[in-house]
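Each structure below is given as structure tokens.
Here come two complexes built around chain A, the first alongside chain B, the second alongside chain C.
Let's look at the complex of A and B:
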């Protein structure tokens, strides 16, 4: 049987000499599924793009890329265009941007069919409806524009589009990265079903081993442009051999595994501090029957936060989990005084939040925000020093500015601080950037951190380091934190208590062990059930 | 994995973004209302702005002629300058509603009529020039942006920048010297212009060549540069990779996917600019003695013809506001995302 895809000693080198892929051999038989795991920059996306020769012009590709036995590197442009999408199609990462915003999705799904003339024109529309039905979308969605669809729906449209010409190979590049746990589970189930039904070869790329393990038969782990481990999915996930695979597997903890409770994977010599029991007494932050309403277009009100009473004790880490649209970010904004509640109140240190701008400023010094994406949270033209010093200046913190900045950088474990001060953000890694954001918050000596998905945009190996840093800050400075996330593993890693939010309401609040191991509310149960599972080694 | 999900799956399905609401009529009313408000503000501003300008209008009217104090008083009374400012403003507003812009001092005729006569030639000149400049600029911008750093890009982007930065009147003077013998250099028609429609149109077209050419050169550069920049913004978009992966030819990727998106900011700019072009042609009209609003503005300024200036001011502002409105409406047609929000 001819493999659908065979790579022989594939190498990709970018202008400037950066070798993204350094000699990869892989074989995929028809109907097989292969997962390609690795961190950003390991070359997995370059590999995927090289299959259909979609790399930028400055990339040098050598070796053999056999698609159904035919080398795509040797194809003429005309032949290559004929092969693209008809033989192999791609589901791109972040369907948000991979769809043309000004064209209807039906037209975009139909485009490759019309182009490759795989169907007579009068059947195209029916086929689009059929494809949409396959990805469980109603046929009238064909007339929708991308912005009218949710993230999961867009990803379904991408999958429908990939199947349009009946390809023998589908390459899915991080198909679920931006999605919620539950939507991710739905999309993964869909991919698994369609690939099995239609006997398509699948190469799926992700940084999340458990996602790959739940869909693919085999896993290949890439590190610095090479495949360092290749084997059956359960073996690679449960019994990793290579050090890098071990790190990847440890980064996303299994909920319920006592070894990872209060112990995010970290290689930092400072390690993980012993568990700190939060002091009892009056909580640092308390919301009382908080309500937030938004006026909707065309009249009516939408209740984003409904009757939420939540407490964060001194030195306590509380995880607020829920899927997008559940109101958790609105709750965080209200807690920080960025959004006026429609009812109820927020108490900080036993007193209601000040309303005046002066009082709010003082409060915001004590309650600092850490955002999801450190790249966009930092001004690209401000040095690390400027980024950290800005808050000091706004709040006119007493003391020597340089010393305070240095102390904050040290606290965020950017050592020696002097080396980082003159650096611009783009010279830093993702993890270092997030440390700069945290340093900016720490410089003001806050008592509460509100962190919105603090590690969602970071690589697996960095994720553990940042989480361990949060734990150490709590142990050393007594910092309390409200961490907003859709990642239950994060809650298992560092939180003392979990609050589950669903449609604006808190449906379950309690100790981490109690909520995650013995969930009472149906929604919490379905959140846990949606976590990808890898079959045990057979 | 999914079985356990099934019971609540429906209830926890994602909430899709809110569908387009509001309706076209409401949107239109809001936009038109906003435009009317802007015009009203400008009418107010225009009136008082010209009142605080230095120079007594009556003494300007009588400049160079011996007049007695009593005659000046009579003139003041005739034009209503002796009344309180608010009363003058009220009379002015009432006049405007009836289409009366006041009496021009210099021409001794209704300002509205004079402006009306000059509006046509200006629209003809600037309209033609803008259409040509936009077509040339957008086409070149799309080409140069797509083949960035290619020979066409290197050559023409520099040239565009040069033309954009040259003052139009200077360009006009140079062109006049170079091609003055081949094409008419002044006015809109020959003194002996034939009366029949087609020969007359040909005569006007002949007169238009130089001023239109000047304006096109002065205008196309920024359209090209903006189009190029907005195409470059789109060049790295993921949906272009999708389109290539589908097997589209390079120029189909450009025409079908990149251009419609890159056009969005550019189209707005072209329309916004259209309103401004009317007033921007002042210097070019002056060079070619084109009988349009621009030349009229220069004359009215020279003679401090207050009602005429006010009238021109309002007409120019209305042009900008209306084109602004068009730009908003056009963007709504071109960009489905605007329709939703």
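Let's look at the complex of A and C:
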């Protein structure tokens, strides 16, 4: 049987000599599924794009890319156009941006069929309806515009589009990265079913081993442009051989695995501190029947946070879990006084949050924010020193500024501090940037840290390091933290208590073990059921 | 900790200069501009007061160019060359001052409207709209007629009518910067309005303001000449617009005295062109989007 895709010694080098892919051999038979795992910059997307020659002009490709036995590198322009989509198609990363916002999705699904004239015009509409049915969408959705669809529905449209011309190979580049856990589970189930039914070869790219493991038969792990491990999915996930695969596998813990409780994967010699029992007594932060309403465009009110009463004790780490749009970020902003509540109140240290600007400034010395994306959370024109010193200058903290900045950088484990001070953010890695943001917060010696998805935009290996840092800060400085996340594994890794938020309300609050292992509310149960699972080694 | 910051700024300035030097139009504009500035600065040294005094004029009236008067004479027998050179100073000063005034007002209003939003923004924007729809020349004429004559009035008149465009521009840029998460972080750190405006918003708006000022100077010079040509301001001050006016009123046009009309006219065109060329070149340097399109 001819493989649908065969790569022989594939190399991709960009102008400037950066080798993104350095000698990869892979074979995919019809109906097989292959997962490609790796961190950002490991060359997995370059590899995927090289298959259909979609790389930018400055990329040098060498080696052989055989699509159904035919080398795409040797194809004429016309032949390449015929092959694109008809025999291999791509589900692009970020369905939000890959769809044209001003055209109906039906037209967009039909576009490749019309381009390739694979069907007579009068059958195109029927085929679109059939494709929508395959991705479990009602045929009326063909008349919808992308903004009228949810994230999961858009991703289904992208999949329908990829299947339009009946390709033999589908390449899915991070198809579920921006989706919520439950939607992710649905999309993954859909992909699995379609691949099995239609005998398509699938190459799926992701940074999340468990997502790949739940869909693919085989896994290839890429590191610095090379495949470092290749094998059956369960073996790679449960019994990784290469050090990098081990790091990837450990980064996403299995909820319920006692080994990863209070133990995020870290290679830092400081290790993970022993468990700290939060001090009892008056909680540091308390919200009482908090409500936040937003006025909607075109009239009416939207209740983002509804009757939320939450406590964060001194030195306690509380994880606030929920899907996007559940109001968890609004709750965090209200807790920090960045958003005025419509009802109820926030109590800090037993006293209601001040409303005046002077009182709020005092409060903000004690409660600090760590944002999701460290790249945009730092002013690109400010050096690390300026970014960390910003809070010190605002509050005119006593003491030598340089020493305080150095201490904060050291506390965030950017050592030696002097080396980082004059650097601009764009020269740092994602993990280092997040440490700068944390150092900026630590410089003010806060007692409460509110972290909004602190590791969501970071690579797997960095994720564990940042989480371990949060645990160590709690042990050493007695720092309490409210960590907002959609990731149950994170809660299992570091939190003492977990609060589940659904449609603006807290549906379940309790000890991590109790909530995650014996969930009572059905929403928590469906969240847990949606976690991707990898079959055990057979 | 200023040294790395300064080194970085020096680097950035060096890069910007290389980018600018690659733009031939901008370079030509810069050279022309330098010549005008030199003439304006050296005016009092080069030109004798006697040349400008009507009572001590040595030439005949409206003589065509000759060895003695390279660009001929005006209706009072003064050298047109000397008058044109002398006019450079006032034209430049008024143009720069008026542009500066307009950009300062525009930037302040723009940042306030963009930063605070809400009712303050609504009020400021309606205020801006009001000035935007006023026929600016008519407003400037009215202003300079009501206030007393002199360069100050002309500066005020031009500055007050030309700020709304930069206010709109700066507001848009402010809104774009304010949407970045680092502004949110700064607020969460306890930064007040002043901190956010001066530490984050202003530095990222400044390049835009700088370009805008350069382009605004050209417009202001034309406006100044227009007002002078219409006979507003102190008629004893020697400016290019004023020269054109006296050429018109003294019958130089019917007489065919092209040497009286052309020098100040060409000077205006050259100076405005120089400012526009430099402004456009700066715009491509400071706005990466335009640079790619080129």
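To be clear about the criterion, the second predicted complex is superposed on the first by the 537 of 538 C-alpha atoms of A that agree within 3 Å, B and C clash if a C-alpha of one lies under 4 Å from a C-alpha of the other, contacts with A are read in each partner's own complex, and residues count from 1 in each chain.
One rule holds in what follows: contacts are C-beta pairs under 8 Å (C-beta built on N, C-alpha and C of every residue); 3 or more make two chains touch, one makes a residue touch a chain.
What you see is a predicted model; the values in this text were computed from it and never measured.
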| item | value |
| --- | --- |
| Touching partner for A:499 - first (chain B), second (chain C), both, neither | neither |
| Partner touching more residues of chain A, whether chain B or chain C | B |
| First (chain B), second (chain C), both or neither touched by A:411 | neither |
| First, second, both or neither for A:137, with chain B first and chain C second | neither |
| Partner chain in contact with A:325 - chain B first, chain C second, else both or neither | first |
| Touching partner for A:296 - first (chain B), second (chain C), both, neither | first |
| First (chain B), second (chain C), both or neither touched by A:214 | first |
| Contacts of A:378 with chain B and chain C, given as first, second, both or neither | second |
| Chain A positions touched by chain B in one structure and by chain C in the second | none |
| Contacting residues of chain C [partner chain A, same complex] | 1, 4-5, 8, 180-182, 184-192, 195, 199-200, 203-204 |
| Residue numbers on chain A that touch chain C, as the complex places them | 336, 338, 357, 360-361, 364-365, 368-369, 371-373, 376-379, 381, 383, 385-386, 390-391, 394-395, 402, 421-422, 424, 437, 440-441, 444 |
| Touching residues (chain side chain B, partner chain A) in the complex | 1-2, 4-5, 7-9, 12, 14-22, 237-239, 241-249, 257, 260-261, 264, 334-337, 340 |
| Residue numbers on chain A that touch chain B, as the complex places them | 49, 52, 54, 80-86, 89-90, 92-94, 97-103, 111-112, 115-116, 145, 147-153, 161, 180, 182-183, 185-186, 188-189, 214, 296-298, 323-325, 502, 522-523, 525-526, 529-530, 532-533 |
